[in-house]
Amino acid sequence: MPPAAVSSPASRVRWNLVFRQAVLEAAAAFALALLLFGPIVGLVLDGYQIKNEWQRPLPIATIIAVGRFLVALAVHTPTGQAALERFNARRRQPGVLVVGISEGDRRRWWLLAVVAISLTLPFLASKYWLTVLIQAMIYVLLGLGLNIVVGLAGLLDLGYVAFYAVGAYGLALGAQYLDLGFWSALPLAAMLAALFGGVLGFPVLRMHGDYLAIVTLGFGEIIRLVLNNWLEFTGGPNGVAAPAPQLFGLEFTRTARDGGVPFHDYFQIAYNPLHRFIFIYLALFLIVCLMVGVVTRLRNMPVGRAWEALREDEIACRALGINHVLVKLSAFMMGAMVGGIAGVFFATYQGFINPTSFNFFESALIVAIVVLGGLGSTTGVIVAALVLTILPELLRAFADYRVFAFGVLMVLMMIWRPRGLMRPRRRAFEVKGLCP
Amino acid sequence: MDWHILVQQLVNGLTLGSIYGLIAIGYTMVYGIIGMINFAHGDVYMLSAYVTAICLATLFSFGVNSLPFALLATLVMTMVITATYGWTIERIAYRPLRGSTRLAPLISAIGVSLVLQNGVQLSQGAKTQGVPSLIPTTLRFGEGDNFVQITLVQVMIILVSLSSMAALTWLIQRTSLGRQCRATQQDRRMAAILGINTDRIISTVFVIGAAMAAIAGVLVTLNYGSFDFYIGFVTGIKAFTAAVLGGIGSLPGAMLGGLILGLSEALFSGMVNTDYKDVFAFSLLVLVLIFRPTGLLGKPEVEKV
Amino acid sequence: MTTDPIQPPILEVTGLTMRFGGILALNDVSFEVKRGSISALIGPNGAGKTTVFNCLTGFYKATEGRIALHTPRTAIDLIHILGQPFQASDFVNPAAFGDRLYYKMFGGTHRVTRAGVARTFQNVRLFKEMTAIENLLVAQHLQLNRNMVAGLLQTAAYRQSERDALERAYAWLKVFGLGEDANRLAGELPYGHQRRLEIARAMCTGPRLLCLDEPAAGLNPRETEQLSELLRQLRDEHGVTILLIEHDMGLVMGLSEHIVVLDYGEVIADGDPHTVAHHPAVLAAYLGTDAVNDDES
Amino acid sequence: MDHPSFPRCLLAMALAGGLGLSGLAGAADTIKIGVAGPMTGGNAAFGEQFWSGATRAAEEINAAGGVNGQTIELVKGDDACEPKQAVAVANRLLDQDKVAAVIGHFCSSSTIPASEVYADAGVLVITPGSTNPKVTERGLPTVFRMCGRDDQQGPMAADFIIHKLKAKKIAVVHDKDTYGQGIADAMRARLKELKADKKEVLYEGLTRGEKDFNPLVTKIKGTGADVVYFGGLYNEAGPLLRQLRDQGVKATFVSGDGSLDPAIVTAAGGPKFVEGSYMTSVREARNIPAAKKVVEKFKAAGADPAGYTLYAYASLQSIAEAMKGTQSTDGKKLADWLKSHAVATVLGPKSWDAKGDLKESGFSIYIWGADGNYKEMAQK
């Protein structure tokens, strides 16, 4: 409570009112919390009996009530009001920022710094953090791919994991049946995923918004179920082994398995299981960089502009002679292809895949990356992918509360930044003599 | 297929479908009014199963002997508590996001779903819970080996869901609250200008949806006897599919979609193969949407140019 | 301006009928638009003007009738290219079947635009989160180098195509007096600018026939005046035929050479401004608010 | 890329790197042992059992003076039964927590990729619950299991169904998961060997996490099967049993150790539904004199040593014994020791073959009584 404000009688009356209001709100919050948590937290099922644990919901309800009380008071202090104002102002910001042409130089240094750090990191990190980084990179790739579909073309795809699965199984089954290696499977699986995207997309891309979402969700589930049920071909729930990557025929294993030469033997160095992961990381980093470049160029190409125009207004696009189905299809296939590439890396990094890795929650997580990234912002997607993959690992410190805390943070992040972490940016154009 | 098997499968399909339909109402109403897929709804249903068991066990531990009274009290309590959850979730996780991108509440809903699942796991444990079989009565039709056997609870499921549907339809079509709901659904801004408290109406819709899920939760718990903190996921996706199949935004569509989905699952797994029944269900959805892009009872979308 | 009597009209609408369920929105509408003219489609609210537009530009599939667009070389049936349902006869005639299948798969509204009909919308439909110049670049989609490989490798041909597009876009922005707004988001422009940007965007598709749906709605008198200047300039300097729906009778009477009046989905008058303004059916349709009074306001 | 994100980006990466480097070993007077399994997600019940069993065992061992003068400290690792998380958590346990051995992974699909990680680092891992043959068939020297294999109990069930129950029509149901389908397929393979595969009238999978199996039950009813064999866990077995009885199907229900759990009574809705069902499982812990005391201690603490609890308990006992026997925590040495010595565990004496499988799995058949308890059937 502001000490200066209490002195005058008028403000004292006002503060009395505020105080009373806050007490009422706190009481209501207490009652509500008790109703919500009383039965679920306070009465624990034990067989057909009940264990009474009333000591658990009471503190929760008390904390909520006190919190509500403090917040109710705080919004009436000048600092509280200013904070509220700032919070709301940020939420009202327009979605898109147009950046000038002169931004390039500064960005180049940042870019260089990030690349340098990303390249040195794997040599410093422990194996655990290296695998987390690989995992994060795979999600960056997935995020970039889905960003084309959801962020740029505005098509809500809730079954993106299907293409991820096609890529992963493309490598594993390709190795099993066709004797493909990692590098030959990479382009093939990518093309296969794109083909899947095309075949699935063509009949359904005429649908609007959320109907498309549920149909893609359906496709995602169908693919997962088929992978799970088709025991003879995919190994069903038992999964399949995926080959490890090779560098020009060099294997990253202790002893040669697939008839190649182990990497450490060739270079006469001691065997280190990290080599394999560093190699995967570097290859993945290369692909991610390539993908960022491709996406950046695509956005400024006719097809990329058409994607974004389609997101903004499909009807206007049609009135401009753009075949919306084909443009959507190109976005869908492009996204599917990137998903397929990510799948190949996932499979080779895991060494073993089964359908549980491709469930609906995975799709939801990738959509969350894109939305949190700011729908269309490449940097945003990268940051969001890193946050959403590294966060659960950091939260392992919370042990049992890990996923719970992850859920809470997801809600809070959306409330804090409903439009995502990054505002999408647009390039300004320069034409001789005309630009101000 | 023999007639008694067919009849039995139809009953199976109808009960399953009624449950889907009840849960689908929550999806369809929320979608209709704010255009959001409420992925946390399945977990609200899961919650109601827990509340049911907790209420029953508490009542029995206080020595309540009358089964009808216990069931009724449980139903009311479950509906109240679950509806409160529906209201709170909307208030905390969705309302602050109103007016931002369409996808923000979707992500928030996924977060809420994680919170509910893991919150229940943390407080109630991960193991499968259950209630004893309270109404063991079964009805048997037919002679010898060719008989149809239905539990009384199955009959209750069909009756209760149909009557809840009827009551809800009456509420939406005939009452002032229903008119306000429909007005808000058609044009939220205009409704607000006309003096309808749209925030309150949206809250009401969440409350109704949760209450319907609570009815489903009570019935399912009585019928199958067991549940765990993860049941919301599978059932939720199915119910959402049902809502879309029937035409999302349409109340009768939700029930119809639920029944069709339930029946087709039952008949497909009965006549063809259980392994692929979900594949069949989703394929059915895709096919229906290709030929009727707004679902079975959804209003055909007239493009506003 | 007189049109060459030998040249066919650019647009020929015959017996256009449109039903929504049981409602007859258009009933046997027929009219012509002369090449190089500025024509107007007027009528009271709900007369079916926008429905005619939506049929012309391929957003609705007319229930019956024919819409022919005469290009210098051929006549294009604008309904055919939208893709029509299969008919029994198609299954015995493979050529017709293939044709219909092709248009069913790849046909649609965009084909109409490609045939040379561009339009604007009653409620402005810009790509709000894209800059003004990008709006115009999107409109040139079909004229650009869309080869993905070329674009990713930034080949010389691709860069040339992009430069040309940019210059064309700037040229159009200048024509519409929007040069200053080039790098601003379309959604943040003042309303009058948005209206003009939408017309500029339609012009970027290189149309023969430009259909404007209430281009002056929401503009102040000065802006309306500028608009009518601009439309004349478009017709005279860029050789485009203009068909517009408008409620602002001042604009319509001053600008157009030919007026079609619709009421209850039927054409009730068709002719030059003077004839139409004094046509008894038109006066009756406007119920007292006669067109001449509007003209003076 | 745009610049304002980079501080954040850097922060995240620096955090990642920093934490990676900071994973220093804890105090030297404790031995860390990882307990990995599904602590969240649909299979979290089994993760809880692992944890409860392992913690109880650790308390006992520490109370008795620990191992080689050191006390055991357990570290929990959650994999949610997802291969992706299993690999991450395996790496974390090794790098971050520097565990000396691991009890873990429940789902075979998690155990298989995770055990590659442990084997690569030469760390001993004992899985209390992964029954898929592949777990030990890949020639990884430090991978062991405390449970039987699918291809051991499945055939036993087949023999029982054919010889004892004299079944005429057998309906086989599985849960489309590694364990369930694994034992169901092993059972079928044995049926074929017994030339009884003609007796199989139905072979289908249900979906885990669902509760409504009525259509499948009706189908079983239509086949007129007199024995239903279910490969799966009690979560699904309970409702399946109840719905069978609700529809008036009287077929005998036979299942594996995943269903032999007191919780099945709760899941089915009462003892009358499970009465008369048969299940195969390893020699029941509660009947072993050594285990009685342990079980009582669990009960006294208000916990029920259900499902895999005692398997986890026995796993930790074996690890501790091996560490005492070798005076070391080296995975290779521990593995060699375990392969050459028998360990007296709460589940009875256990010894392992060269692959890491139990030499004698000691499966027997249990029958459920009307009181909701089960008892071992007299052998022969």
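For reference, chains read A, B, C and D in written order, and residue numbers begin at 1 within each chain.
Heads up, the rule we're going with is that a contact is a pair of C-beta atoms (placed from the backbone, for glycine too) under 8 Å apart; a residue touches a chain by one contact, two chains touch by 3 or more.
Worth saying up front: this structure is predicted, and the values here are computed from it rather than measured.
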item: Chain occupying the middle, per Cα centroid; value: A
item: Far-end chain from subunit D, centres as C-alpha averages; value: C
item: Gap in Å, rounded to a whole number, between the CA centres of subunit C and subunit B; value: 47
item: Separation of subunit C from subunit D, taking each centre as the mean of its C-alpha atoms, in whole Å; value: 70
item: Intercentroid distance (Cα basis), subunit D paired with subunit A, Å; value: 33
item: Interchain centroid distance [CA atoms averaged], subunit A/subunit C, Å; value: 42
item: Sites on subunit B at which at least two other chains make contact; value: 118, 125, 129-132, 233, 275, 278, 303, 305
item: Overlap residues in subunit A, where contacts from two or more other chains coincide; value: 48, 95, 229, 315, 400, 403
item: For subunit C, residues that touch 2 or more chains besides their own; value: 59, 121
item: Contacting residues of subunit D [partner subunit A, same complex]; value: 1-6, 8-10, 12-13, 15-17, 19-21, 23, 39-41, 76, 78, 80-84, 87-89, 91-92, 94-96, 107-109, 112-113, 116, 120-121, 132, 134, 176-178, 181-182, 205, 266
item: In the complex, subunit A residues that touch subunit C; value: 94-96, 98, 294, 297-298, 301-303, 305-306, 308-309, 312-313, 315-326, 424, 426, 428-429, 431, 434-436
item: In the complex, subunit D residues that touch subunit B; value: 40-42, 44-45, 47-48, 176, 204-207, 209-212, 214-216, 218-219, 221-222, 224, 234-235, 238-239, 242-243, 246-248, 263, 266-270, 272-273, 306
item: Subunit D contact footprint on subunit A (complex, rising order); value: 47-48, 99, 103, 106-107, 110-111, 113-114, 117-118, 121, 124-133, 135-136, 228-229, 231, 236-239, 254, 273, 292, 346, 349-354, 356-357, 377-380, 382-383, 386-387, 390, 393-394, 396, 399-400, 402-403, 421-422, 425
item: Complex interface listing, subunit A residues touching subunit B; value: 32, 35-36, 39-41, 43-45, 48-50, 56, 91, 95, 150, 156, 203-204, 206-208, 210-211, 213-215, 217-219, 221-222, 225-226, 229, 315, 360, 364, 367-368, 371-372, 375, 400-401, 403-404, 406-411, 414-415, 418-420
